[in-house]
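Before anything else, here's the structure in question.
Per-chain numbering from 1; labels A, B, C, D and E assigned in written order.
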């Protein structure tokens, strides 16, 4: 039962993350939503890889470990970008108007 | 008292060494608990680096303490924190919710460093008292109490800490 | 005994959920910060029991890590201006 | 067993509710706090999935370092301009809910059908587990990271370095007041630091050593070191500096250098690229990686190219 | 069940009870400072009893030492957090 429960929960969490990403205007919120989505994907990866065997799959664990570290590096870089954008434009959001300007 | 006259941040190299030594022993014991004797050389290395880092961070001077008094203090602490937990649990579960919150001011006479830090942190675990604020000079503590009479345990704690660090004996003051 | 340890984990998790109600409700910023405290103390117990229950000694290291984090997260909270939460 | 199911259900439900709150809270700060809590629940979920390696990483990196990074970035916004940092939590997006529902359905379908596929006997993980006895490493995850997928791990170190260099390139170094948070008269904070920092060094070393045989390893160890560093930056014991010294540059690149040095150097002896010559090489690379990861994360956190100590 | 397990069971139940009491206090008490009392003291006692129970079950000095260390660190984190939160709350009220 454990795998099914976690796959279902992680799917919903993924959807919540997508929703959050779409409705968020503040870039920090978008990043939070992205991180939430990432976590749910990790869970599904591990559960699916480990199904049918005795324990979790070491290759999947190693991949997810890599993923967690990459995620924090990417988040840190994105946060630095956000601070720069804020310093330049005085806003921490990218609205549609900005897209038109580009 | 000499300790408070000396500048706040002063700590001599000898005192730093004492601090580092104490930290080292604690870290080494932790390593033993975590790993046993496996990789003991790595443990020694980590404990050394860790204790030096701790020594650099030490802000107050270490105070001499006696092992048997530490045991006594540990006993006092266990009994009082047990009483504290039972007391607050009883108050939370009673239907009439017998709490009567108040703020008190308490002047700390203990010297800076370990005695004062211990005082401020342990107060929160005694029955009915919580250290809520500290004045900017670090001399006056604001204690939040749940019921009248709770301040008595603060006085007892003060006496206990004095005994732990031998602050009530005359020769300690000359150091 | 194994079954009982599982029940204890479940009980503590339910306890956590109840406590989160206070955190969600507030009313003050400090009430929300109680989350760090509550999570610190309860999840540590959960992890320690799980270490015994699931026979995974490594979870004791995780518990130790949680305790350390609880302290750091609290320090991180207190840099923000006092009225920040109501912004 | 029903108790297991209830616990899993509770954790799953907790994840969903917390995720909902993270994306919909009224203030950004509350969202960040809840994100940290979400990370802790994730760590509990990893333990239920029998993956303590990931629980360690999630607790230290997912909840701890990421949460602190977010909080710090938010604080920087407030310092730069307190007026405009506020936001409305919800923008307008007519497609948000349908898209979210659709993606949930999609992911659930993929996940559930993957669960029902007849499991392969010869997955890479099985093979890795079988080969593990020859390597002298007891923890299959560390083995996979360093022996079977070592190019990934190498590139991952490169990604960390690139993130640091990129962050340095696009943003001005943080001023000291943008990094430090707690400057109080309370001696308790000092006492906490004097306990946490030495312990973080010891525990990082423990995880490094343990990583060869049981859960732990360079990533978790580096994250624990980073957590100690973050605490020091938060309390201004370490302050941002303008220029990195040689020691900083060496430490940041140590993981990459050790990996490449041993991995390429081994070719001179007729081995293949990145074939590690023994357990000692694993230890060496892991140590170098731990130092690099810890320092890189701390520097990313401080938003500065280097850190200098300040006597307490 | 052996005598050892019975002792552990008693400690475990007592520990869970104090966790529950702490949460009830958290929900019932009227102000932040009183809630902090409930959370720090009751949860500390709860953690102590849970650790005691697990130490009895494990009957191994290394595990016991780790449990004691975790408990002590938890105490330190809890008291420092409680002090900082209380102080924050008090200064905001002013």
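To be clear about the criterion, contacts are C-beta pairs under 8 Å (C-beta built on N, C-alpha and C of every residue); 3 or more make two chains touch, one makes a residue touch a chain.
Note that this is a predicted model, so its numbers are computed, not measured.
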Least hop count linking chain D to chain E through chains in contact: 1
Shortest chain-hopping distance from chain A out to chain C: 2
Between the pairs C-E and A-D, the one where more C-beta pairs touch: A-D
Chain whose mean Cα position lies farthest from chain D: B
Centre-of-Cα separation between chain D and chain B, whole angstrom: 33
Separation of mean Cα positions, chain E and chain B [Å, integer]: 18
Length of the line joining the C-alpha centres of chain B and chain C, rounded to whole Å: 24
For chain A paired with chain B, centre-to-centre distance based on mean C-alpha positions, whole Å: 42
Junction residues of chain E, two or more chains touched: 22, 36, 40, 44, 46, 66, 69, 73, 76-80, 82-84, 86-87, 91
Where chain C touches two or more other chains at once, by residue number: 33, 36, 57, 61, 64, 68, 71, 75, 77-78
Which pairs of chains touch, using the document's own definition: A-D, B-D, B-E, C-D, C-E, D-E
Interface residues, chain C side, partner chain D - complex: 3, 6-7, 9-10, 13-14, 17, 20, 24, 32-33, 35-36, 39, 43, 46-47, 50, 54, 56-59, 61-62, 64-66, 68-69, 71-73, 75-81, 84-87
Interface residues, chain D side, partner chain E - complex: 186, 188-189, 191-192, 195, 199
Complex contacts: residues of chain C adjacent to chain E: 1, 4-5, 8, 11-12, 15, 18-19, 21-22, 28-31, 33-34, 36-38, 40-42, 44-45, 48-49, 51-52, 57, 60, 63-64, 67-68, 70-71, 74-75, 77-78, 82-83
Of all residues in chain B, those that touch chain E in their complex: 29-30, 32-34, 36, 81-82, 84-89, 91-93, 97, 99, 101, 120-122, 124-125, 127-128, 130-134, 142, 144, 146
Residue ranges of chain D touching chain C (in the complex, touch as defined): 1, 3-4, 6-7, 10-11, 14, 21, 27, 29-30, 33, 36-37, 40, 43-44, 47, 50, 52-53, 55-56, 59-60, 63-64, 67-68, 71-72, 74-75, 78, 85-86, 180-182, 184, 189, 192, 196, 199-200, 203, 206-207, 210, 214-216, 224, 227, 230-231, 234-235
